[in-house]
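Paired with chain B in one complex and with chain C in the other, chain A is shared by the two complexes that follow.
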Partner chain A sequence: MSAVELQSVSRWYGTVLGLSRVDLSLGSGVTALLGPNGAGKSTLIRLVSGQLRPSSGNVRVFGENPFANPSVAAHLGLVPEEEGFPPRVSGKDWVCFLLRLHGYGSTESSQRAEHTLEEVRLDTVAHRPVSTYSRGMRQRLKLAQAIAHHPDLLILDEPLAGLDPVGRREMIDWIKAWGNKGHSVLVSSHILHEVELMTREIVLMNQGRVLASGNVHDIRRLIDAHPHRVRLSTPTPKILAAQLLDFPGIRSISFSEEREQVELETKEPERFYELLANLALEEHITVHEMTSPDDNLEAVFKYLVEP
Partner chain B sequence: MSRFWNSRAAVVAQWTFEKLLWSPRTMVMASVTLFPVALAVIFRIAAAVGLQVSFTGFGFFSVVTATVSFPFVAPMLALFYSSGIVVDEAENGTLPYLVTRPITRVSLLAGKMAGSLALQIAIFLPSLVLCFYVAVAPSGFQEVGSRFPTLALDAGVAILGIAAYSGIFAFLGTALRRPVLVGLIFVFGWQAAATYIPGFVRKLTVAHYLQSLLPHESLQGALSGLWGERPSALLAVSVLLTISLMTHALAILAFSRKEFAGRVSS
Partner chain C sequence: MPLHDVSYRRFEGTRVGGLARIWALARFQMLSLLKQRRFLFLMFASWIPAFVRGGQIYVAKQFPQAVPFLEVDQSLWRDFLSQQVSFLLVILVALYAGSGSIASDLRSGALVIYLSKPLSRMDYLIGKCLPLLAAILAVTLLPGLALLLFHLGLSENWSLLTESPWLPASILAYSLWLAAYFCLMVLAISSLSRSRRLAAVGFVLLALGSHALYGMAMRMSFGQAPAYLSLIGASVDVADLFFGLATENGSSWGSLVVMTLLMVAGVGIIDRRLRSSEVAT
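Then we have the complex of A and B:
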């Protein structure tokens, strides 16, 4: 039996369409919901976690309707997108309280909470008020409350939002590890390269519809077939632009000395990144920041849906 | 019964009570409930310095109870605690954690309402008792002893009244987005105005039944013109209990059917 089944599910918010005739079946391992803001990812997550009812169609989690259903909720762990915690509560108290709602006694809740907080490296701050936690700590606390009762289905809504590079790496490793244990994991993101690090299975969403589902590398190939835009922040934009002009994969390049920025288009992104790393090492060119607007899914979907 | 109340509902009730107890709201509401006590202190000081006061200690307590504690303090307490039991969780962003746990919505809200109601009573009753002792104790132990049954009845009426108001405001809190505004209009608009409207209208207020239960005989005589015809004690208790049960049940029903769409951003 699939952990999650959606059959022709639509969801309207008044006259606004949140999700349109979605069919989906998820088994064990990590599956990523990938799509830009407004794609319907959070709506789908709220339907699966039993916070919303579908306007039409069927949602089944472990074979049951999840809406306000305690027997389904017993098998769920949710990392919500919301950045909310009760005021004046410590991390341990919060996890303990939520564990008690799963029916654990106070002693067992306390032990499980301590163990889980240690697992997510919050044991040293477990008794501090959550209001004093950093963004990364709060994100790890959200993960702790979701996994403390060892759910069969872990749902994470944009779990990497606001994390620093180290925090992202850790969160990705936890998510992968949870999936490798044979649990089902549903994770939403709008950043493609982060999803690639977590799983190969993706569900591509846009404007409330599932555009494609399957292997992430197929999607990556689709993207790489189109010119790839890269923006570089450097104190020497003119020198960097001159060096990059010799690279045959560059389709266009522009720079601004005022903004200390170089922007280019390439059809060979992998080779370009390799070249840039070599330039930085050999020519001692400083690059403060590298962003690829094309990794933002808005651009990807433009490629996919526009002729 | 287990559908409404079980060990998980008790956990929610305890958590709600503790979190509310140490909240800034409780500091504010404790100050409000101490207002009748402050009036009693002023009354005692005035009597002690020889100013002419037209009430006995117990008479003063009766007036404060009937004009401040029951019509103002009790509904304010209920309004500011009960209307927030769902809205506060939504504003704090903690509802998704609660509604995705293996506890029925019925038990979740029952636990929250029980914790909130227990705190309201725990704040109101000490103020009532303190006001009584400050006002009456200087008249001697005999006076305190003879008036104690009245205080006990006041406490019972207070619990009934707070439970009725709590149910109303808990229902408003689960059904409306701005329950406090509607609650304020109910208490200070509708109830205040209905008291002065002759006939049936005043029977549509909680205050009408509460006032009729207040065990202060001298007061009933003095204010009977204003309050109008009093319902029997049995009818008043029955109506208050019905209001309390019905409104709490409506709140639970509204919460059970509620969907939580968050910011609906995606």
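Then we have the complex of A and C:
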């Protein structure tokens, strides 16, 4: 059973369309929710976390309707974009209090809060008021309150915002580790290169619609409108370029003898890779490196969101 | 971040029910209030009229010849509780404890976190109401009952209760009514703003503005204006009904109806705001 299932879900805010007939299914592991501002990411997160009711369609989380449903909320952890802390409260009291809202008794809440704050490296400042925390500490506290009850589905809205590079790296590693343990994690972000470090599974949104979902490479392969760029490092760029001219699937080709590089565009990448392997074997052409500059998240995002 | 053992740990103990969750929210709010010295000072100051009334009871008991001037009957409790409102003490307590209650959650985004927990909007509303109710009851019901016990302690017999058997129930019912009324009014205004200060100003404007309007209407109509024009006036006006005393003017029932309608409207406003907050954030 999918952790999250959306069937033809739409959501209007008055006359403004927030989400338009979205069909989506999310399983375990980390899935990134991508899109520019106003794409509908927050609306989707609020629908999944049961804080919004869809205008039409069905939202199911662990097979149940999540809207204002405490039994679903018990299995969710939400890291919202907003901070949401009362200023005078200490980190431990905050996590402890939110665990009490989950129905844990005072002893269990206290123990879980301590354990979780240790996990996110806030144990040394657990008794300090939240108002004295740095931005990174606050971000980790938001994470702590979301994972303290060990949710099956963790939803993070812009979790990297405000973190320094080390903090970002730690957060990315932590999210990956959480997903690798079999939990479902939905991360909304617009920092593409960092999302790419977390997961290859994406849901790309724009103007309230899901443009693509699945593995980044699979999605890229499906984008026919843009030929795939391939960059080859070779000591004999002129010879390689001449050999490749015969291949009908190549749209353009350029080479630089100074940089020992050949760059080409092809609409049939699979066939090209096969041909290249044959060329290398039969014509004894050396290829040191092969990269595909647009077979990544940024390119997919660019091609689909800004066509 | 070092990776600690975060493997799945299902809670094997017993989870408490919905009431305990509401209580957890209410307790958290109450403890936050009790940590503030200004609030504690306000609560103490709100008991001063009760000490004065206690002195009145003491004098009346020790100097029976003064009874015609210091008569102790159920009207003393009606006057005391009405004064707690008209002297603005209840207003100030409600203002301090309630003006930022929902506004702060809307501003900080805590509401989104609360509603992502197994807590319904109604649970949230009740959890927010309880500390406010407790604060208002602490300056109405508690001193009211304390005065009653003080009086009974000084009396050789319980003639007051024989003559007015419903007095404890009247104190309880009127205090609860006042608490519910001011609680919902201040929370409704709190929910309309994201700023605690703005909500406080709004509540003061509503309470004092409506009272000023009532005063003007009284002057223009030569004392015939209905008390329900004023938030404060209405709550003083209904006291006679709760204490079973002859109403001083004919608007008490009207005030009761208006207060009921305002409370219903208050719940409607809060509910609407709690729903719309999801869109706004």
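We take it that the second predicted complex is superposed on the first by the 217 of 307 C-alpha atoms of A that agree within 3 Å, B and C clash if a C-alpha of one lies under 4 Å from a C-alpha of the other, contacts with A are read in each partner's own complex, and residues count from 1 in each chain.
Keep in mind that, in the parts below, a residue touches a chain if its C-beta (ideal position, glycine included) is under 8 Å from a C-beta of that chain, and two chains touch if they have at least 3 such contacts.
Bear in mind that the values here come from a model prediction, so they are computed numbers and not experimental data.
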Simultaneous placement of chain C and chain B on chain A, clash or fit: clash
Which superposed partner A:Pro235 touches (first chain B, second chain C, both, neither): neither
Which superposed partner A:Arg100 touches (first chain B, second chain C, both, neither): both
Contacts of A:Ala39 with chain B and chain C, given as first, second, both or neither: first
Contacts of A:Trp174 with chain B and chain C, given as first, second, both or neither: second
First (chain B), second (chain C), both or neither touched by A:Pro86: both
Which superposed partner A:Gly214 touches (first chain B, second chain C, both, neither): neither
Touching partner for A:Leu76 - first (chain B), second (chain C), both, neither: both
Contacts on chain A seen with chain B and repeated with chain C across the two complexes: 13, 46, 49-52, 68, 70-71, 73-74, 76, 78, 80-86, 88-89, 97-98, 100-103, 145
Residues of chain A defined as touching chain C within the complex: 13, 46, 49-52, 68, 70-71, 73-74, 76-78, 80-86, 88-89, 97-98, 100-105, 108, 118-121, 140, 145, 147, 149-150, 170-171, 173-174, 177-178, 181-183
Partner chain A, residues of chain B touching it in the complex: 7-8, 11-12, 15, 19, 22-23, 92-94, 96-105, 256, 259-266
List of chain A residues in touch with chain B within their complex: 13, 16, 18, 35, 37-43, 46, 49-53, 68, 70-71, 73-74, 76, 78, 80-89, 97-98, 100-103, 145
Contacting residues of chain C [partner chain A, same complex]: 1-4, 6-11, 13-18, 20-21, 24-25, 28, 32, 35, 104-105, 108-121, 278-279, 281
